[in-house]
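You will see two complexes here that share chain A, one where it goes with chain B and one where it goes with chain C.
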Partner chain A sequence: MDLKDKLVSSFLAFESKVDVEHPVHDIRSEAIKNFEDKGFPSKKAEAWKYTSLKGLQKIDFSIFPKEVNALEYKEVKKFFLHEIETYKIVFIDGIYSSFLSETTHDGVDICLMSAALTKPMYKPVIDVYFNKIASKDESLTTLNTAFSREGAYIYIPKNKMPKKPIEILHFSTGNETSLMLQPRNLIIAEENAELQVIERHQSLTSNEVLTNSVTEIFAAENAIVDYYKVQNDSKAASLIDNTYINQKDKSVVKVHTFSFGGKLTRNNLNFFQNGEHIDSTMKGVTILSDKQHVDHHTLVHHIEPNCESHQDYKGIYGENSTGVFNGKIIVDKIAQKTNAFQKNNNILISDKATINTKPQLEIFADDVKCSHGCTIGQLDEEALFYLQSRGIPKKEARALLMYAFANNVLESVHIPELKSRINKLIALKLGVRLGFDL
Partner chain B sequence: MAYTEEELKKELETKEYEYGFYTDIESDTLPVGLNEDIVVAISKKKEEPSWMTDWRLKAFKAWKEMEEPEWANVTYQKPDFQAISYYSAPNSKPKYDSLDEVDPELLDTFKKLGISLDEQKKLTGVAVDIVIDSVSVATTFKKTLAEKGIIFCSISEAIKEHPELVQKYIGSVVPQKDNFYAALNSAVFSDGSFCYIPKGVRCPMELSTYFRINQAGTGQFERTLVIADEGSYVSYLEGCTAPSRDENQLHAAVVELIALDGSEIKYSTVQNWFPGDKNGKGGVFNFVTKRGICEKNAKISWTQVETGSAITWKYPSCILKGDNSIGEFYSIAVTNNYQQADTGTKMVHLGKNTRSTIISKGISAGKSQNSYRGLVQVSSRAENARNFSQCDSLLMGNECGAHTFPYIEVKNKTAQIEHEATTSKIGEDQIFYCNQRGINTEKAIALIVNGFSKEVLNKLPMEFAVEAQKLLEISLEGSVG
Partner chain C sequence: MLKINNLHAGVEGNEILKGINLEVNAGEIHAIMGPNGSGKSTLASVIAGKEEFEVTEGNVLLDGQDLEDSAPEDRAHKGIFMSFQYPVEIPGVSVTNFMKTAINESRKARGLEDMPANQMLKLIREKAELLEIDRKFLSRSLNEGFSGGEKKRNEIFQMAMLEPKLAILDETDSGLDIDALRIVANGVNKLKSKDNAVIIITHYQRLLDYIVPDYVHVLHEGKIVKSGTKELAHELEAKGYDWIKNGAVV
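Now for the complex of A and B:
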């Protein structure tokens, strides 16, 4: 049975586990219908031209994990940002681990989607926000919506700010030979609220994992959201990440994506600017090796006037890896005085690596400043020679130059511990040790 | 000049004879619709050899299987392919007896473009007195070309006279099955031009001049084949700055360029077909496939100025097959009122040390939509490939749109690709500066647009650059509120 049929038929089994009377279930039923119609996107679809899901569809993923698995903190400590205090929402094989987590209801809600979807006290919020900006048409998003049950739920009321950053971690133990996970996150920052989130997916074995995640983020007036995605998963782990962000007046949302690992990673990052004087920032560093495939699809929809968006994606591609960047900027007719900038720089360091990039501008307003730049090139031979002539070995010299290349993106990481962690990951990925942090 | 009136008369007589072949079929336009019989009938009427008929049939078979592409960023009512008559002999009778009968608006445009009276007559289909300067100029040109061994004739003539060249190269760059419109064109192409430049010959003139005067009505399915043999050079200009009011709604042309080792082809297009009226009614659909292949050290340079047509769907491309070959693309696309243009280029780098440059300028005004769609592809064997792309869009008014869809696919680590795009409007301070110096707003805009398009205009042959510049002004007339 192929994966689509399996998923569609599993929906019946899924219905026995959730409250079918809850209004959210109507949304689920609607969503599974859409997925049944559309199925997995093929390479014929323009948005999936460079990324094939064919291989994944052949794997017999189990949709529901068989048992509850536990992990010792010391086993997984290194995946946490343990240098600082954080709130933690941890899932093991898709199931919430209260032992590893640290949630709160003290002034802010940092807890679980399963609670939010079932408890009456959250219903008013769910009614207003759940599935409101996630696409009702895109097949993978609707697939997630159909099976939405668990994930992180974060609600920051007006003028509040959680005391520490929030980590969302998904571990897969490999107890199943192949597992499909569909976490669903909802993050709401009310007026003047501020928060920082770090999201990470980690597989602990070499068994196949496919994660199809959907995150909805709502930033109300003047809210500030800082979101970091750390993607350094095992070679058998694939991730399809769909993030939808709705911004209101004067809100600032930044999303940083660090892609170093995984088999296939697809990031669909969608910004909708429903207000004026909004600032949206997307930055990313991608360093790939082996047969890895990372696909960044960004969309910024400028709906109202006087907004800004900034995109900066850097990629270093080695061995047989493939990188894709598709950045789309839409400026509506009334969105005058929009400033939209996009930059995508790539370095190929292997003969077999491939980069496909497609920056796309669709502009309907005349009084705008929009630009996009894209480069593909190599490390500067002269700079390399300069460093070597001063006694720095070639490997380190190359790494140093690549660090410099990626540094623009790292500069805007506001959590110093995270920044040094990312630096270490980059060093690890480049196979060098540098005696300093950038 | 050693060319006497006597000779000219003779030449004209033989010319009449050449066309005499049309006279007996003039009455029978083929029935509406398209099927295998029609394709065979077209081939027969053109007295084509059997290999050509087979070639057309193969294309037709492929076309039947294909679907009309929908990926372009344009919306229009799809033409009904069974409601078109695919062959009608060129009408040799003049449409009008004198210029007075021609639409005065059209004549006004001619005047602005500075087109000579005789040419105006020719372009509007007014009966032309036989002994005029232009004809003798044309015949002299033909003689000069023949001396150099350059073959420049209609493609139907080439199929009969030079079958070995045509058979070898037709469809070698744009295969019959390439795309929907190319397949259609391959099956039913009415006529077009053929040009062959022998080894080491530098074509002494812009083939444009000749072309403008002698172009017969080539119909809606035009096929052009240009072959530059080793070490040769040719500059070819297609189209015309003058507006042409063609009643054909659909134009599906194919242009193939073959640049053999060390040769250079410069292909310039000025397209100003009827764009429809101010309310977006009518207008020509222009679906063109243009592609060139570069062998070792060869160079192909496309320059285009697109101001007409209701729908433009056009991607002049270069396949840089040989090592050290060069591809260039310079384009200005202007859309006004309800026009829609989806245009750009493909640069396919296959050989080592290949270089390509893309400069695209889009200007949208009124309620028009202007898209740039391009592909830069570097294969894994194309060492040291280099590309520079720049796409700039200028928006005038808040009801138009500018879009860019640049695809970049690189499979070689030594490649250096740069792409940049900007979108903006004409700065108020720029206009203010001009106003302050006594230049009215309309003139100021023309000035700024000219500056914006200069990089491309500079690439056009001189006399056309001047006309193209005026054409831009005319196309944008009244678009400033």
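Now for the complex of A and C:
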């Protein structure tokens, strides 16, 4: 059976596992209809021109894990930011692991979507926020909405800040030959609230995994959200990440995406600026090898005046890897005094690697500052000679230059231990022996 | 120490150096002067091993060893250092980390362990003081946003750290105000010993008031057309390069 049909028919089985009387289920039922109509996007759609999901649709994914799987902490410790204290919301094959998690209800809610979607005490929040910013017609988002049941639920009330960063970790054990996951996250930062989130998907074997994730983030007035996506998954793991961010006056949201691994990764990152004096930042480092494919699709919708957006994506593509960057900026007619900046710089280190990069600006206001720049290049020969003339061998000099090229995106990473971790991952991925501590 | 025999070199078939002969011994300071386009910077780059230049005839020997097949990093390990006329900006790598990498790679090439961190720190502090370099400066990205003078001072700081046998200063005086010039010259003079040698490449005589050369050579159209002592530099300053160009010397 083809994957779409399998998903649609699995919805019946899914209904036996959830409360169909809950109002959220009407949303799910609407969503599955949309997915049934549209199916998976094909390369004929402009937004999917360079990323094909055809191969993945041929795989016979399990839609639900057959059994509950467990993991020992020591098996997966290295995937946590264990150098510091964090809250942890951990899932194993899509199922919450209370053993590996550390949640809280102490002034803030850092817990589970399954609880938020079923318990009456969360209903007022769910009514206001759930599926309010996520697309109701993009097929993969609606597919996730249809199967939404589990994920992270984070609610930070007015003027609050959790004591430590929050890690959302999804492990797949490989106990299923091939597994499809539909995590659904809801993150709300009320007025003046502040939080840091690190999200990671990690497959522990070489079995196929396809994760179709949806995250909704709401940042109210003056809220500050720092979100880090660490994508360093195994070669058989694919991820479609759909993140929707709604910002109000004077809020600051930064999303960093570090893509070093995985088979196919598609990041759909959507910012909606529903207020004034908003700051939205998107930064990314992509370093690929082998036949890996990463597609960054960003959207910033400037809806109100006096806001800023900053995008800085760096990519290094080796071997047969392929990359896509598509940055769309919409500035509405009323959104005067918008400052929107976009940069995408790429280095191809193999003749067989490819990058397709495209800015897409739709500007309807006349008093705005928008800039965009895409570059595709090789390493600077003069810089190489400079390093070599100081005694640094060519191979190391190349690696050091690539490291430098990528690493200046990290300046805005506010968790030092994470920054050092990412630095090490970059060095590892580039095969650099750094003559200094990070 | 350095012996250059009938060196011909160029880029993509255009010959720039047309038969250079030069011998530099330990303890000596040589100045190479000449008008723009005479081949001064090419000579420096060829000695440092820049791959874009092709040696078509002759050779460069360091301690009797032909450098022809040596990569730039091998030459650095053998003790050659070139201070760049236009140092390259490398965002994302701090001056300190760059020096640590350079020093430890050189040590590795000589079969030594990495320099212990405390020793490295001490060395950096000592050499930074010599060049009157502020500590904050060392954590900045290499040459990024540095003024012309800061870049040149940073070059001599690197020289001080690497302690080369042969240092080639390519137009180190350009872009320096008088205070920076004095600091740079003072640094070079302090690093000078009977065991090392310096080649100063310059258009003007002014740096030579501070770093006094033992020999002065005049380069014109890819050849050394006149050699002499430091008085030659003064003569050039007074008469200008036209004196050379008009063939009065030959």
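In this section, the second predicted complex is superposed on the first by the 435 of 438 C-alpha atoms of A that agree within 3 Å, B and C clash if a C-alpha of one lies under 4 Å from a C-alpha of the other, contacts with A are read in each partner's own complex, and residues count from 1 in each chain.
One rule holds for everything that comes next: a residue touches a chain if its C-beta (ideal position, glycine included) is under 8 Å from a C-beta of that chain, and two chains touch if they have at least 3 such contacts.
Owing to the predicted nature of the structure, the values given are computational and were not obtained by experimental measurement.
Peer 1: Quick check on the superposition: with chain A as the shared anchor, is it clash or fit for chain B versus chain C?
Peer 2: Superposition result for chain B and chain C: fit.
Peer 1: Between chain B and chain C, whom does A:N408 touch in the aligned arrangement: first, second, both, or neither?
Peer 2: second
Peer 1: Mind working out whether A:K333 is in touch with chain B, chain C, both or neither, as first, second, both or neither?
Peer 2: In the superposition, A:K333 touches chain B alone.
Peer 1: In the superposed arrangement, does A:A365 touch chain B (first), chain C (second), both or neither?
Peer 2: Touch status of A:A365: first partner only.
Peer 1: Pick one for A:K352: touches chain B only (first), chain C only (second), both, or neither.
Peer 2: The answer is first: A:K352 touches chain B but not chain C.
Peer 1: Should A:D380 be classified as contacting the first partner (chain B), the second (chain C), both, or neither?
Peer 2: Touch partner of A:D380: chain C, not chain B.
Peer 1: First (chain B), second (chain C), both or neither: which does A:E46 touch?
Peer 2: First partner only.
Peer 1: Examine A:L400 and indicate which partner it touches, taking first as chain B and second as chain C; both and neither are also allowed.
Peer 2: In the superposition, A:L400 touches chain C alone.
Peer 1: Using the superposition described at the top, determine whether chain B or chain C touches more residues of chain A.
Peer 2: After superposition, B is the partner touching more of chain A.
Peer 1: In the superposition on the shared chain, how near does any CA atom of chain B get to one of chain C? Answer in angstrom.
Peer 2: 16
Peer 1: Residues of chain A that sit at the chain B interface in one complex and at the chain C interface in the other, please.
Peer 2: Shared contact residues on chain A (touching chain B in one complex, chain C in the other): none at all.
Peer 1: Give every residue of chain A touching chain B within the complex, in rising order.
Peer 2: 46, 333, 336, 346, 348-378
Peer 1: Chain A touches which residues of chain B in the complex?
Peer 2: Its residues touching chain A are 71, 380, 393, 395-425.
Peer 1: Which residues of chain A touch chain C in the complex?
Peer 2: Where chain A meets chain C, its residues are 380-383, 385-394, 396-397, 400-401, 403-408, 434-437.
Peer 1: Under the stated contact criterion, what part of chain C meets chain A in this complex?
Peer 2: Within the complex, chain C touches chain A at residues 48-52, 71-73, 75-77, 81-82, 84, 87-88, 90-93, 96-98, 100-106, 109, 114, 117, 141, 158, 162.
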